[in-house]
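Below are two complexes that have subunit A in common, paired first with subunit B and then with subunit C.
After this line comes the complex of A and B, so read on.
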């Protein structure tokens, strides 16, 4: 307990609390502005955190920005149907439908509560099961990640809506976008006119975040612009309904919460994955749980709290999950924790198993700042909750150009100091916005493109590496139990969606 | 006579003052104290190169009073960041954290590299470490290479990325052993750590700070033992009996500016880097990390880099990283 007391002492000062508060508020604001991302927020505060002499406080600041940005992204996703950053891409559907039903308050409140459950829940897993989960994630090599990507890809079937063929086509389009750029094994430039383009910014392929900003944010702006001539509906904004979801309702979702928490923490802990995958998987598992509940739960995708809770629990669970390998193995779980490890190293602390034996007070102080960050995140975001819906009172004629500008600024700023890369990112966002708009207009679903784009690259890269590690054989896929489990899971998901579709078709015909 | 002497004295004082002022004016023209000098790191925030650049930039700011900042521009085998510097105004306000990775990037055709740059200084050489899983069957480099030679293609050796410095080391080692290894690029040092600790890949080329408790170091790729206290008892490649292997030992780092930058700016920068480099704090930072010092400036760095590029050619060819 002496270690805990020492760790507590390291962070029990006003400056830590103030920096955490500053970090959370900054995170929520950046998260809520469409186009500006969590990684960008962290990049903004790195110089500040490096200059804070107290290591624990500096890390607290980084963690606070991270947690705040993940949570804040749900605000525009729910109110405008535009995710603040890719963490909220699976929150859009149900959040937006709830707003249209006049339940914006409950959706916003539910998202905050879900985020806190996700954040604190994954912290509990981090504190008590860190070495265990870290060891488990080590079992994930390229072969295992290939099958994990496969499970993600078959979700395309369930996010495609009524027309599976359209969904598959869009998934394939996502693959095409993912394959442009540098070959993951040989480093060759993979695109048309490679010789002319390899010294330009295009050689890096599409930037993932700019692509997502374009597909979700910019395309939504275009869609709203098309609606400008129609009369504006403002009565939803004035009556946002109750803010806190009924306690009983939250309790009834315990299975969804636990499943999403598990998915978020584990996916977060596996290096090279991320929240964008976790949120779709959580949303999909919530649908499955709901199917099995005999109508006690509302079906995600129809504009219900379940569909907001699942991804919002999962994306904040990723924040705790990503810290597991970072602290116990010294391996970052995502880009945000990579920066965190850098911050630790610059202060002369090497993360890894030995950190737990040699510098336990620092580990405790990180746990405490993570707790503070999650609580502040909830408190600050709830504090403003009656304010956010006012954004709907603003005329679309003013709001949409602002969103468009922010989306472009966000994509531009992602490139850091490089002007050509920034311009390319803006071009990417605009191009993807047009792609997304024409898809929406013609009834093609967006989520499959995103899944294809994120998972296509992961699938290809890991499959090729798995085969190369197996000296040209696919042996690992047969010998690894994890591969078996995921492959079977993928088959089950496909079969169950096919059966369900048939059943629904029959019911419609009857 | 006395009068003439006084007049002469006054004249002398006056001219020296004027002259001194003139000198001050020319030396004040670079840098403009209002402007910030940016160091472009073509790799991600939080990594070894980034940490090195940030620590150096902080020291340079402290010593010179001029504001130095670090910006990360990643992508395209470090080509994006490098091209950004090459294409920028050659006025000394934008520098590149040059490295062995730039040579690889040049070789694969992602950038013009050194031919578009002037060197300010060479800084360090960060030797790599050959590591295996903690409970691996191999305890020495000799055992590993003997096994690999007896079972060609059976032993997997990973690096941190297809066009990174560790890829050149891994491929160089592979060639030196008669292509007995199966070389695979991971997506960054972190993934490589996970692969080796999880038993997916048997051997890895790591930077010194990546050797965590789940990874057993077999050999340190330097001529003398590591300065990093955690790795002090790891045998060098020479001690392991492979001193004759012609493979690159590690990642060289230096500072460069766009070609055509005025000498005045280059000299001022070289002088400032030198002061920061030899400060007690920066010296102890490098010792703690286990970085070797290869300090040189301007033309000397050019020569050093030319030699390095020539030395790397066989390994680059072996790695398939030479594009015509």
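After this line comes the complex of A and C, so read on.
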């Protein structure tokens, strides 16, 4: 109880509430704007969170942006038929049909209520499970931690793109980015051409935040250039009508809500899966529940609240679910939590058992800010339900230069008082932006690079410790049953992913 | 001759160079390691470098370009954005945050908002110069006001809150909001009626963005934004 009280004290101030409110509104706007993602939003506010002296408040800001962006994506999905980001992809059909029926307000209101239920429901599971999982990692030594990092990377690589080889290569590239700079044990410079570079700013390797901002912010600007010539949104349904769906109707959907909550949290907790899978599973499960309801519930796909509720509960349940492995193991559930882990580390917080054993008040403060973020998300989106649709009228042509300059200034700001370091960070963001753009254009996923970069240091340190403990051999890996389980899991994932791709390729050829 | 995809080819070359440079570099074994057994700092970079080289080589051989090319407009947008971004990185230290950010944001806004329209270099240049002059002018005024407020707060002429840098920053933020609203509903409307819609809109957004970012990062978060030519 003492830890909880301390955690509560860390966030029980007006500054935390204001930053969470700001983060939520910013997240809703970012989520609502097609082309801007939750991941990018988190990356862009990292410098601000870093500048806030209270770590818990800084993390609260990041979590608020995350929750707001997931919920905000439903706005364009319902009003325009374009999901703000992949999280809202299954909301499009019923949301659009409801808008056409003149029920846009109910669809938007329903989406907000569903998101709140999903977010808060999954948080209960997060609070319950993450300390238990973290405790289980007590049995992990350096060898187990090494294989755990490898499994996390393999999972992300297998699900974040169509080709697992490309995913694995991107993971390896992330590791290489992490290895550049200083050797964690000997302190030697490991940049290629070290003799020439060791006296320059490059000697320390790439700055993590600038890399994240570049990969997600700057690269998005370059990727969107091809879409700027397309007609921009000039017409959005502004006749919102009644906002709150009938209470009885919401209650009648309890089975759909519970099923979607379970699906969202479980899928979110499986590293690398993400909301885009959860929303379709929830939609599918809602269809089955409706079929079995003897006409009491409307079938998703016909422009009904059931089809909006199921994916919206699920996608926000993913936020809490994805934080379970992220906080307890340091393995992200999706690309947004991958960036979130990076942000936590930049703020001096290393996820995993150590966090739970040595800084429980901070863990509680994270849970509390997640609760605040979910409540604010509902309140602010409902309050601005007639206002946010107007955000959709902001042209990408105006947004993109602002995103670019925000990315630059964000990476610059991390250097604080040092101008040369700030300029180097901007250069890093630009370089990584171009790298990220080339990857996107060629079908290489970004998430494994980020995860490789984040886990690279931990992976190497534990690998070297494990080999050292085995007197220069791989004995520790061979004798540990946990390592065997993780290695086997990685092999199964790779093999099943290859088989699935082959099957899909055969089906396409046929 | 079969065409080769550029990205995996470049990555193959880069990973080969990385692997070679790792092989040639000195080993990074822990020097005071009395027990022994440290595999050294070269092993994992070598494994990853080798994996990257083989993987990208395989993709280079396997994949062929799909023939999807950028249209001319997108190429122009890409090159200008890239050029301006590089210039931004190269010049921010010498010229300073306010000036170089104004140029970058205004140029991109004008370029992007006039896609599919006939662009006038004269109109864009006049708008650019006016935006730069306006931003610097209002920046000077804003600094003057916030510094005066801080001084008055410290001397007791205003409540002590205004004597802190946060108080000055709040006043500066208020100034930016007021000026942006006033200019949007006066100057921009007048200029839009006279056919200067695009530069006027680009100008006001540039002005608001630059000063807003300055207030947030420099005055609230104390980030040392490169002063460059404007040293006050």
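As a working rule, the second predicted complex is superposed on the first by the 272 of 510 C-alpha atoms of A that agree within 3 Å, B and C clash if a C-alpha of one lies under 4 Å from a C-alpha of the other, contacts with A are read in each partner's own complex, and residues count from 1 in each chain.
The criterion applied here is as follows: a residue touches a chain if its C-beta (ideal position, glycine included) is under 8 Å from a C-beta of that chain, and two chains touch if they have at least 3 such contacts.
Everything quoted here is computed from the prediction, not taken from an experiment.
In the superposed pair of complexes, A:153 makes contact with neither subunit B nor subunit C. Look at A:469: by the touch rule set out above, it reaches both subunit B and subunit C. Touch criterion met: A:140 reaches subunit B, while subunit C stays clear of it. Residue contacts after overlaying the shared chain place A:175 against subunit C, while subunit B stays out of touching range. In the superposed pair of complexes, A:318 makes contact with neither subunit B nor subunit C. Shared-chain residue A:426: touches subunit C; no touch with subunit B. Judged by the touch definition given at the top, the superposed model places A:402 against subunit C, while subunit B stays out of reach. Applying the stated contact rule after C-alpha superposition, one finds that A:201 touches subunit B and leaves subunit C untouched. With both structures placed on the common chain, the touch criterion links A:329 to subunit B but leaves subunit C unconnected.
On subunit A, the surface touched by subunit B in one complex and the surface touched by subunit C in the other have residues 183-186, 188, 415-420, 468-469, 471 in common. Looking at the complex, you find that subunit C touches subunit A at residues 5, 7-8, 11, 17-18, 21-22, 25-26, 28-31, 33, 35-39, 41, 44-45, 48-49, 51-52, 55-56, 58-59, 70-71, 73-74, 77-78, 81-82, 85-86, 88-89, 92-93, 101, 104-105, 108-109, 112-113, 115-116, 201, 205, 209, 213, 217, 221-226. Contact residues on subunit A toward subunit B in their complex (touch as defined above): 43, 46-47, 50, 137-143, 182-189, 198-199, 201, 203-204, 271-272, 325, 329-332, 335, 338-343, 345-346, 348, 350-354, 415-421, 461, 465, 468-469, 471.
Those residues of subunit A that touch subunit C in the complex are listed here as 48, 51, 165-166, 168-169, 172-173, 175-176, 179, 183-186, 188, 190, 192-194, 218, 221-222, 225-226, 228-229, 395, 397-398, 400-402, 404-406, 408-409, 412-413, 415-420, 422-423, 426-427, 430, 434, 438-439, 441-442, 444, 459-460, 463-464, 467-473.
Interface residues of subunit B facing subunit A in the complex, by the touch rule stated above, are 38, 40, 44-47, 50-51, 54-55, 58, 69, 71-73, 75-77, 79-81, 83-84, 87, 108-112, 153-154, 156, 162-163, 182, 184-187, 190-191, 193-195, 197-201, 209-210, 212-214, 230, 288, 320-321.
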